[in-house]
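Both of the next two complexes hold chain A, though its partner changes from chain B to chain C.
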Partner chain A sequence: MKNNPMASIASFQFPPTYSFPPFFTPQPNATTRLSQLQKWSALIQSWCRHHRIHRLSLIDAVESPLFHNAPLRKRIPLVEARKILDWMAEGEEKGGGGRRAEWIDGGNKTVAWIWWRRPEEWAGILADWIESTGQKNVVLTVYELVEGEETMSKEWHGMDVDVMMKSLNVLVKRGKAQVFGNEGQEGVKFF
Partner chain B sequence: MASRRGVGLGAFANRSQASQSYANHGANLRSTHLSSLQAQLSVFQSLLHTFALEHSSTIKSNPSFRAEFARMCNLIGVDPLAASNVKGKNARKGTGEGASFWTQIMGGDMNDFYFEVAVRVVELCRETRSENGGLIGVQECRRRVGKGKAIGSGLEVTDDDVLRAVKSLEPLGSGFSIVRVGNKQYIQSVPKELNTDQATVLEVIQILGYVSISMLQINLKWEKARAQTVIDDLLADGLVWLDAQGEENEYWSPQNLLDDSG
Partner chain C sequence: MFFKPLDLSTALRPSLLPDETLLFVQDAVGLYEGSKYKIPNYQDGHAYLTSHRVSYVAVEEPRKHSVAIDLKDIDRAEYQAGFLKSSPKITLHPKPPKNSSGSKSVGLSRTQSPLVQTSISHLKPSAPTPVNATWICPICSFSNPIPSNFDPSTATATHIPPCLACGIKPPFTTVLKAAITAAAALSHEGTPIISGGSQFGTGESSSHTNGAPDAGQSLVPCPRCTFVNHPSLHECEICGASLSSALDVLNSSQHRAESPAPFFQQGSIKDTEISDNIKLSFRGGGEKIFYERLKGALVQRKWLLYNAPPVPQQPSPNTFPTLTSTTNGSVSTQTRAPAPGIAGLEQRGLEARRNNEVVIGTAFEDLEALMASAKHIVTLAETLARESGMGEEPSLETSVVLSESAAALGMVTTKDMLSSGSENLYLSELSRNLAEYLTDNQKGLLQNEGGIISLIDLWAIFNRSRNGVELVSPADFQRAAELWGSLRLPVRLRRFKSGLLVVQRNDWSDEKTIQQLQDWLLELQQNPPADPEPLSWDWRLFGRAITAQEAAQRFKWSVGVAAEELEMAEDRGILCREEGIEGLRFWGNYITTTPDDLDSGLTRLVI
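Take a look at the complex of A and B:
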């Protein structure tokens, strides 16, 4: 994580739900539970977006304000956090949260991608940017894309390189970009 | 008349003549009364008409003015929304026979206004049903409708507007109704009868924010089983949320959650 989450906590506005004590208890009623999961998914996404987190470590997260409301003395334990992310990772067609999370460490379920934008969505944004800045057929390094001055104001600035690669690979599959070079020194050309 | 009782056969004729003229006079009185009432009414209607026309923009834009106007109409027995539900398109011309009072005066805008509110109320109820079990406070509803979803889509409305809008849905058999719990009004979008115990518990939650089984036992002198049953029912209907992280299970009303679900 490039940004220290603790640094900007003060500016993150928690939704009113966060101060609602039952929010931290898995609801016994199935319908209510669904509503609860949707709210958690939305909160986790906006939290990660605010802090520019793509890779969420549950072990850390359960101690962070996201899952631990200290003033209210309520918390989401690890087991429950896993259930919420499991639900987020499920596709909407299966009654899940539309693949807004993805386990990175498989069965261990301790680290997950939080897709507040999915790689396909990033791909679209990148392609638009390339188009509007007239950089088609120009070769850029991935480092430039992520850390360069030109992208300073962009949402993907400072992004996890793995996420960037996933997004670029979407463009490669669509035939809109080509990635070359050794790992760690990749360059990319957009068409 | 009674003192000067007529004698002879002539008296009969006199008497029937007298009653005839009484009847005539009565009819006269009635008809003048009626026509003067009719005159008054038409004068009043035209005044109301001019008033509404003159202030139509204010009525449309100022919610409290609108509420007062609607209240005045109600007081004198004019139901602004009566017979307005089917005529949608024709009513726009404003002169159609079946057009409602509002339509005649305001050229359809007013009906459109209430339908717009009604549509938003229905949307909101549907969106939040899984969160609140189909029971939403009129005030919370008004606040949300007032905010709108997109920028600039807020509608400034009063509680009265919301109630009126819900009422305008009645002919559709929509199952939307207004229920009163304690001193608060709710829109209920799931057909369900709250029994007395359930209503009592909801009222307690309104006041205290939450309840627990022991609170019900102590304050209402209920048997544990009775309290448990009511709570279980409310949970099953999604009307309360469970917090199991305290010393004792607490049950909260989701009424204040609304603000962030948009």
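Take a look at the complex of A and C:
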């Protein structure tokens, strides 16, 4: 979270549903509830993407404009926010939101990864980038990948190192990369 | 006497004339024409006895097969107890026609009936003819002689002696049949007597003369000793008992199987003139009370009231002198100086008794006066009811409905109108009653309540309209309401998800309610809000929220009903809810269905 989220709030365009008061009340009708969860999932993902957030702390988020619509005087309480993230964390086959969220602190459910791109998707993007820039068999440091000048224009620039490691591990499992080095000084070699 | 067409109410009950009151209802009633012919299509229905008419409403196709007979055309009614397989019946005798058309109609009916043989149709025993006949006591089977002064045409009035062996008074029909059999036997010997005025018993005589002389008919078992006799015999060869009742049973059972309908065509019998008597067959019981009340109604002649001039405003003066004199008398006795001792106590007791006597006497006089001025009292009650309605807050529409419905008090079915065993009939009548009460256009109860009313509210209003008498218990009420569906009445009972029971018109559906709600929401979306405070959302996009209170006000529902209806719409995905500090509010569902201009923006943001 290198960027200051507060600075870019003004530029984030909330969807119109955000200013629809019933959007902040859990709906008892199953069909309506599903639509509501889908829209919340989409809103959280686009908001996190806009602010380059991967790790969302719920305690902070319920006070942020994401869950608190000040002009409407409506907010999503912590309990309800957890339910939304729970739904996002479920696979689509289980009627959930397609694992777009993942709890980091397990049972506490206060911090979660928001996968506006899942690690598998990041892995694909990284592999494409390596291929297109001809950096196969070149050793790069992880710091270089995340903070280097070459990746300045890329979406993963400034990405959480943990997310980067998760994505690289996906490539390792596919046999397309090798990670070596010590904690905090990892290097990666793409094949 | 005519079978008149009958107007039915929405609940398929006879609609009453002004001043007409319902006296009794009995189900499982069949109509007989003449003495024994069943009228097809009129064999299973409700018999309604009102102060003016006897009405028959069929269970199947009630609008087609319903007729009424005016009480004013009925000369008298006769009760006939059930015997073996024959149900108890009440015979209605028409008044003899005033002009000569009576004989014509008799002739007409005779030609219309192929089964009644003209040669024997009017053979009748005349009153003074000495009849050497016996009747068999149905209790002890002793054969009694028929008294010589027995006259079938006036037999209801004359005294029938009890059985000589057991002392039980015989059913009238038993004696009558025996007498007729004897008379027929006489006529067979060559002394035919042409019948006089009364047509009673023509069917009986024809059946017996039909059955008795025909050789080759089946043998007749004696009812007493079961010896099988030759059909031409009238008395048993062995024990000497009369065979008439056995013959009668044979005949009647044969006729019952065929159920011929000689007088009427298969279609409607409305507007048909009937010169013969009409029988109501009570297969489900209730005949005794029906008969008692019918007799009462025939005596009271309430139909005369309809055309009667209103009773003068001042009560008739002859009631006053008696009143004043009696009060004077009682006062004078009380002011007498009390005597001491036991004599004084006795005297006081005597005075008290005398006083009671006077009070009771005046009370009954008052009662007679009340009956005489019945019409006046009814109009007075109506004006009182109207005034009491005016006195209350006029905005309470229910109270107006209540007071106006006091006039309809005569329409309600009470438990004592029905015999004790017929719980189902009571419920179905109550059910019809309720349906009428609800759909009555004059009161417009259902319309005023926005087409929907909760069962509890209805129960309260209905019971209040009964002015505290003959109240309906909640259990009966609910069971009656549940019968609406099976009785095909124009209202229905509906259960909301929460268990709330409401009453609605039959043709009203959830879709119509939803349509109403959607129209309203659209209206809110098109018209700018009156609230000067700027709204924090785009009302053109989302409209405004509605609460149960607002819905109740708009559609004239009760708040409970409105909440249920809104939740029903939410359940169908038409509305969605907003819970806030203002309470529960409902919106058009823009979570599932997004407006077009909103959709594009959202998808752009997600991708």
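By our rule, the second predicted complex is superposed on the first by the 191 of 191 C-alpha atoms of A that agree within 3 Å, B and C clash if a C-alpha of one lies under 4 Å from a C-alpha of the other, contacts with A are read in each partner's own complex, and residues count from 1 in each chain.
The definition used in the following text is that contacts are C-beta pairs under 8 Å (C-beta built on N, C-alpha and C of every residue); 3 or more make two chains touch, one makes a residue touch a chain.
Here the structure is a predicted model, which means the values were calculated and not measured.
Participant: Should the superposition on chain A be reported as showing a clash between chain B and chain C, or a fit?
Facilitator: clash
Participant: Counting only touches as set out at the top, which of chain B and chain C does A:S153 meet: first, second, both, neither?
Facilitator: Touch partners of A:S153: none, neither chain B nor chain C.
Participant: Which partner does A:S132 reach: the first (chain B), the second (chain C), both, or neither?
Facilitator: neither
Participant: Is A:S11 touching the first partner chain B, the second partner chain C, both, or neither of them?
Facilitator: In the superposition, A:S11 contacts neither chain B nor chain C.
Participant: I'd like to know which partner A:F20 touches here: chain B for first, chain C for second, both or neither.
Facilitator: In the superposition, A:F20 contacts both chain B and chain C.
Participant: By the touch definition at the top of the document, which applies to A:P71: first (chain B), second (chain C), both, or neither?
Facilitator: In the superposition, A:P71 contacts chain C only.
Participant: So in the superposed three-chain picture, is A:Q45 touching just chain B, just chain C, both, or none of them (first/second/both/neither)?
Facilitator: second
Participant: With the two complexes superposed on chain A, say which partner A:N182 touches: chain B (first), chain C (second), both, or neither.
Facilitator: A:N182 contacts neither chain B nor chain C.
Participant: Taking the options 1-9, 109-117, 199-207 or 559-567, which segment of chain C carries the C-alpha atoms that clash with chain B in the overlay?
Facilitator: Answer for the clashing stretch of chain C: 559-567.
Participant: Which residues form the common part of the chain A surface touched by chain B and by chain C?
Facilitator: Residues 15-17, 20-25, 27-29, 31-32, 35-36, 39, 42, 73-74 of chain A touch both chain B and chain C.
Participant: Under the definition above, what is the set of chain B residues touching chain A in their complex?
Facilitator: 129-131, 133, 210, 235-236, 238, 241-246, 250-252, 254, 256-257, 259-261
Participant: Give the list of chain C residues in touch with chain A in this complex.
Facilitator: Contact set of chain C toward chain A: 536-538, 541-542, 545, 570-571, 573, 576-580, 585, 587, 589-592, 594, 598, 601-602, 605-606.
Participant: Write out the stretch or stretches of chain A touching chain C in their complex.
Facilitator: Its residues touching chain C are 13, 15-17, 19-25, 27-29, 31-32, 35-36, 39, 42, 45-46, 71-74.
Participant: Which positions of chain A touch chain B when the two form their complex?
Facilitator: The contact residues of chain A facing chain B are 15-17, 20-25, 27-29, 31-32, 34-36, 39, 42, 73-75.
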